[in-house]
Amino acid sequence: MAEERPAKWGLVVDLDRCTGCNACIVACALENNVPFVGEDEVAYGRALYWIRTQRYWEGEYPEVTPTFQPVMCQQCGNAPCEPVCPVYASVHSEEEQINLAVYNRCVGTRYCANNCPYFARVFNWFDYELPEPMRSYLNPDVTVRRRGVMEKCTFCVQRIVRGRQKARAEGRELRDGEVQPACVQACPAEALVFGDLSDPESRVSQLARSQRRYHLLEALGTLPRVTYLKGVGNHGG
Amino acid sequence: MRVKKSWWQSGGIRIAAAFVFLILFGGAASGIYLSQIPPEQPIAFPHKTHVALGAQCAYCHPAADWGPNAGLPSLSKCWGCHQQVQKKSPELEKLAGYVQRNEPIPWVPVAIQPDFVKFNHQPHVRAGIACETCHGPVSQMTVALPQPRQNMGWCLDCHQRMRPNDFVRLSDCATCHY
Amino acid sequence: MAVEAKPLETAVPLPHAEEDPREHLMFDPRPREVMNRMVMEAMTTTSRRYWAWVIGLALVVLVCLLGAWGNMILTGMGLAGIRRPVFWGLFIVTFVFWIGISHAGTFVSAILRVFKAEFRRPFTRAAELMTTFALAAGALYPLIHLGRVWVFYWLIPYPNARWLWPNFRSPLVWDFLAITTYLLSSTIYLYLPLVPDLAMARDRTTGWRHALYRLLALGWRGTEAEWHRLRRAITIFAFAIIPVMFSVHTIVSWDFAVGVVAGWHSTIFGPYFIIGAILSGVAAVVSILFVLRSTMLHMDYFIRKEHFDALGKLLLVFSMAWAYFFFNDYLLTWYGGEEAARRILTLHATGPAAWVWYLMLICNVVIPWLTLWNRTIRRTPWAMFIITLLINVGMYAERYTIIPLTLGHQRMPFDWGVYTPRPTEISIVIGTFALFLLLYLLASRLIPLVPVWEVQEGQMAHTLRKVGKAEVPSVTELE
Amino acid sequence: MGANVVHLALFKETEIDHAAEAIARLRELGVSDHDISVISGIPYSERILGRPMTWTTIGRIGLAGAVVGFLVAIFLSFGTPLLYPIRVAAMPFQPIPTSIVVIFELTMLGLLISTFIGVFVETISPSFGPRGYHPKISDGHIGILFSSPAQVEESIHATLQALGAEIVHNVEEERLWP
Amino acid sequence: MSEKISRRDFLKLTAMGAATTAVMTGCGPMSRYVVRRPYTQMPEYNQTGESTYYASTCRECPAGCGIIVRTREGRALTIEGNPNHPVNRGRLCARGLTAQQGLYNPDRIRAPRFQGRSNPATPGRDLTWDEAVQVVATALQKPPQRIAFLLGLAPDHLYDLVSELTQALGAPPPLRYNALAALEGRTTLIEAVRRLFGSPALPYFDLAQAEVTLAFGADFLQSWLSPVTYTRAYGAMRQGNPRRRGELIVFEPRQSLTAGNADRWVPIVPGSEAHVVLALGQRVAELRGLPVPEAFRAVRPEEAAQVSGLPLEQLETLAQTFATATRPLALVGGSALTQPNGLVTAQAVLALNALVGNLGQPGGVFLSAAAATPTPLAEVKALVERMQAGEVDVLFIHGVNPLFEVPAALGFEAALARVPLVINFAAFPDETALKSDYLFPDHSPLESFGYQRSLAGSDRPAWSALQPVVVPLYDTRATVDVLLAAAQASGQALLPYRDEVDFIQQKILPLINAGGFYTAPEILTFWSRWLQHGGWWTPAAGLPTPTLERLPASFGTLTPPTPPAEGAFYLLTYANHLGDGSGANRPWLQELPDAMTTVTWNSWVEIHPRTAEELGLKDDDVVRITTPYGSVEASVYRYPAIRPDTLAIPFGQGHTALGRWAEGRGCNPAQVLPAGHNAAGDLAFIGTTATLTPTGRRRPLARVESKEGVYGEH
């Protein structure tokens, strides 16, 4: 069996490619059993988007232009959400080097969410029941969260684990691009690239070295694993 | 001065307290008991007999080797043998009935984990763990019996004992929970 | 330049110079049995109005606290107005508020005891009761605000089949430990000096009360050994509970300060919270004393204008200290703070909820500073009642500013959000206020609210000595 | 000493000087300090009454509790992360600064609880010296309990009454606590 | 088909329990009480706990992206893109990703049904399919000229079958209408291609390799033709070209998602696009040293500048940018076409491409293989007139919801009432279905066989296959099967097909030898590969190059837009992620924030903040928008990227039927659109003016952005 080395999963968001079409939101929601909450709840900021596109406006009419920036959990290397959880429901995976949200351990103090500078965490305010037969499309690989539980983007860890198990069973290492989160897989503009940052040859590593790279709120020292590539000209954030 | 009987010594209070205790304790006990008894199965399948006849676990549960679920044999697999052998016992008649109606047998799962535990048979089988390690001495059971105390500490304990060098990975929350 | 000398005005004696020292409880001694009878009467007399309050409050607790909470447990936290990004709302605000109030008893009874401030004697018990009940009400909130309260026991360190322990790096676990410590120790600290008074009550009651007091008095006779033990224990407690008290509110402040939230991450939060807590606690003591004095029999003997006066002075000092810490925090953030934190300061003062911020400043600074310097106001119990209530309104506004109003405007403006409390959480907050009052009402008729032995001890130590033409107070060190 | 009877001499709270005097007299009359016990409604220090210093272990019990609390805290903050190491952020498994908080709280908890337990234990543990009680004590009276042989009873009574004491004969031991 | 049936059998007898299991998370032993059943006949490739993937085609919009549906235990879980499919290369848009919410939608029609339309005396009742087939068979025996078919843009195999059926019957050919196609001016584009290049086809623009792109009204990142294709191409255009980062300039009165991503947005007066293109064309020709074609001389640059509100210098800069670019490209669609000058604009833009010589070049214009064309509004109008005149005895409707999608001014509803027999094959109880006599529900696309051969986004000849990924949930039946059965039942030998699969196999038979990337000796093997790959296409990219014989002397008459009267505004409607509105019952599409406004679950009116201020309007004020054709109400969204003289309402909301998540939300702009059409017969609504009256009410919009944070308002 091939020797496995710990991976550092990373994501690159090329804002010059990103159009703000939001396909990633839906791809994520349906892969991860994220419930929809309805108009009133969305209006009150209780939508459960694991990834959302921040759209700001730049300039004045007629030079006005929106800037789109998809923001998901940044899978910080030094995550502010982790140490504050009293029950280890928000922990760092030594194996995958990402932040885990352990739903079944969560007691719902919501401390992690307050302490996340990216607002990447969302809370199950209620039990969001699906009418029959809509439950049939729930992804059995992902736990359906009940009320009172925190959740967030996991880099589709279920796909990572499945991919690893498959690779191990076949006695090989994971190939670059073999595992992709749902958002990366769907992104029509190919603005999202996912891969192993510890492998300098992987596509994500190469892109993450781009001169256009930056991290969100870099000054906080959270060491995000999501790298943004600046838009060019007046385009992109 | 006569010492008055204290309020907590009064009969009513004591009976009420005993009642509350019984309800709580009884509820907990029956809950534990119910999760430990084997559930009623549609057919009292004798594992013992089949194992004694030399059937390997993987003959009927082959998917343990390549997937997360060990799987249950399809009717045709049962019938493949049993249409040859005698069908004297009432249990076999039940089987024949299902075959006749082409209706799946509604087995009740015994060895189950909660839904937030993502268990995969394949890595365990590939690592050479014998089925009996977790499922108990099935070769001596008729219907499968639930094994007690299959909890997180049990998983971790085994992971630590079997793979001390790989414990970081095997104790990672994402190994089982996502 | 010639100095024009102005003749000195005739020295008019200041009004308080003429005050009769007997106005002080310590110089107005009454025989012990009289005081005992007064306390017992106060304890055993109930009016129709009292029972109406008890039943009313019990109903409020049942419906507003237990009913609303139960409904919220079954339905989900969404019934509260919390939202992304304001994940903490009224629950945590009220939690901090109650923990703040709980500093009253310990402060009055431990610090004033350590520093031998004699005016504390008649109301130490009233203040300690506040501590215990405020903690009881406040300790509910960490449970109420849990999304899954049915697994709250995962916060408790105990060996289990999951191999999991709590995360001792989390301030919430510290909170849990600190509040447990404080609740237990303050309850014991309430109980220990109560034992001689319980023995007193035991000797004067029959029936269920007698049984109760007999049980609680632990066979107290008042032997030298018992007194010695009690005093030793009280001394240990008085010294040990002070750091615990400081730690509790410091840890509460760390819940906020350890995070990366702009506007929370401040090194001054610990002392700032403690001063705020003491300010609100002492203010609450004054409010409660006014209510006790005006509703319970004979309480006007034990609780006097001098006490309002003394506490008023303390309040003025703490209000100034609070203003100092507030300004300290404000100035440093304003001057060199991160941009997000600065923006929050601006929003506090000019945003849509700026009235909360102004309310805080008016109630915590303007009103005390304008009124409490005045002796007449300090000695007017109803005025003090109103002022102290306002101080607590101001402290509530302070916590509201710090928690939801800060969380709503963090570093990503796209995700800002305004928090509006919803009926369920308002109801639960009202419910815990009712719970506090209900517990206090019941306790006021169950335990002697004045530590008679302490008052008597004080009275024995205080004498009026004739020095020249004046009778001057003189204190004897009996201990 | 079966013949010895326990007596109680009650003094008004204002007559503290007399009470102190009475104790001196009792000693002169041959009643040892061991057979005298003072009960009072407020604390009087031994110096005031001219009594030997009493001795208590509360301080030691408290200290022992603090040590226990400290050790528990050490285990919780340094031991439990070793049992199942879980990484959070970039923090070490056993960080000292956060442990200090836990250690402080649990040490104080141990100290305070054991102090109370000390009070409780000392209260319920048997005491020597004369037993007896009178409700007037809680009205501020100072009571001097003494046991004396019957033969000196008369003279003692006379002496004490001269000092203004109210004598209660033959105080029966009352069960004040379950 | 035995094969079909056996496959369905495999899928049917599986553990439906796992779905319930997932919901009971945290309940631990509760899982035990969920019954799990093994397969009676376990197929060797399907196993519990392991996913099975099926390749199919997305039918959420007409683009025809290839999808791979992940199924497990007989349930369709997630929709993923088909990585080999030439249209989308493994990528998908938000609409396609929600297809399973259509499949498992609780509001689906579950059985064939007769409803007593507007006659309370005849109560509705459920029918058997035998009865249903009989009804259709009887209907097909009506006089052929009095039979009408109204279809949607998908699926193509149904259109092909109905075309054959109508031909065999001698009935008029089926009409195809779709609001999305109408809003993007698809017919106009096809007509322009026909006029310039000789054959009616949709053009394919090689955006990925273009270096300077001018887009007139084409919102290709969100709804135009094949948004996933063009979004992919956009990404490549920005960062995939090693020589140069592509530049995008968009001409639109209201900033769409495409304009929002452009380097320059030119807020042009609605209806003046043709003037601008012509003026640009003149300058580009001059700058490139070419003779200015006659057709481009229809407008003087000064006139164009005046009409469009663009300064002459800006026109000059734009012309220079375009003329000096190595690989210039001009796109046209949407608001530039759905207007009286639309056909002129379309021809002018195509001619502009010809002028810079990019026809058939990398980064240029090709002709797509998309042959099946939508019907222009004008023909729908003719149908409505026939219906109104009582000349239609039976109307079959499939895949289109005319009462919602067609401008109300056309009078479709009144005309529908005059048709004695309306048979609707809708899967959902939409507005039209509720007004039909019979509902004979088709399968959901994920339960259906079929194909799409009109793939506007494919860079090569391609057919995309549909196959069922789950067993039909309800008592529905494929419309093709119903029509074939009815045709047989009617006693005439109308069509030589046994059933739907047979029909599709016969249609794809020619592909065996058409040079695809796979082939097979006979149809059954070919069929299994067709299903396995999700379609058929050629191994190498390659599309016909359009050839321009010569430019016409004129592209048509040009009418300058009339400025709105005092107090009136230009009114626009556009498609966002909800598309033609048929996706409004997918809760996740409703929950999805609109890309530009972040509003969810509702409609809004976009008003420039300055205009709103002048009118004293605040965000969330409900206003009434009135045109000569009707009026709608919606909440105000102060949109900084729209012309101050223009209002815009998104299309897709305002359903009065279609189930719990669609009903009663927002407004339907089709209620206020004119029924007019342009020279190509396409809907022409640009230039419509509307008045705005505040109602005094407020209805807060559910927006995801913080108004306070983004706009600095409280």
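Every chain is named by a letter (A, B, C, D and E) in the order it is written, and numbering of its residues begins at 1.
We take it that a contact is a pair of C-beta atoms (placed from the backbone, for glycine too) under 8 Å apart; a residue touches a chain by one contact, two chains touch by 3 or more.
Note that the coordinates shown come from a computational prediction; the quantities given were computed from them, not determined experimentally.
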Open item on the list: Going only through chains that touch each other, how many steps at minimum separate chain A from chain D?
Closed with: 1
Open item on the list: Count the C-beta contact pairs for C-E and for B-E, then tell me which is higher.
Closed with: B-E
Task: Distance-to-centre winner among chains (Cα means, whole assembly as reference) - done: A
Open item on the list: Relative to chain E, which chain's C-alpha centre is the most remote?
Closed with: D
Task: Per Cα centroids, the chain farthest from chain A - done: D
Open item on the list: Can you work out the whole-Å distance between the CA centroids of chain B and chain C?
Closed with: 55
Task: Approximate Å spacing (C-alpha centroids) for the pair chain A, chain E - done: 30
Task: Interchain centroid distance [CA atoms averaged], chain D/chain E, Å - done: 90
TODO: Between chain B and chain D, tell me the centre distance in angstrom, where each centre is the average of that chain's C-alpha atoms.
DONE: 59
- [ ] Please set out, as single numbers or ranges, the residues of chain A touching at least two other chains.
- [x] 47, 54-56, 80, 83, 85, 88, 91, 93-94, 103-105, 143-144, 146
Task: Multi-chain contact residues (two or more partners), chain C - done: 163-164, 167, 169, 173, 215, 412-415, 417
TODO: For chain B, jot down the residues that touch at least 2 other chains.
DONE: 6, 114-116, 156, 173
- [ ] Going by the contact rule at the top, pick out the chain C residues touching chain D in the complex.
- [x] 31-33, 36, 157, 163-165, 167-169, 173-174, 177-178, 180-181, 184-185, 188, 191-192, 196, 199-200, 202-204, 214-215, 217-233, 236-237, 240-241, 243-244, 247, 251, 453, 456-457, 460, 478-479
Task: Contact set on chain A toward chain C in their complex - done: 41, 44-47, 54-56, 71, 80, 83-88, 105-111, 113-115, 117-119, 122-127, 146-150, 217, 219-220, 222
TODO: Sort out for me which residues of chain E touch chain C in the complex.
DONE: 705-706, 708-710, 714
Open item on the list: If we count contacts the way the header does, which residues on chain D are in touch with chain A in the complex?
Closed with: 86-91
Task: chain A - residues contacting chain B, complex - done: 4, 88, 91, 93-96, 98, 100, 102-105, 141-144, 154, 157-158, 160-161, 165, 168-169
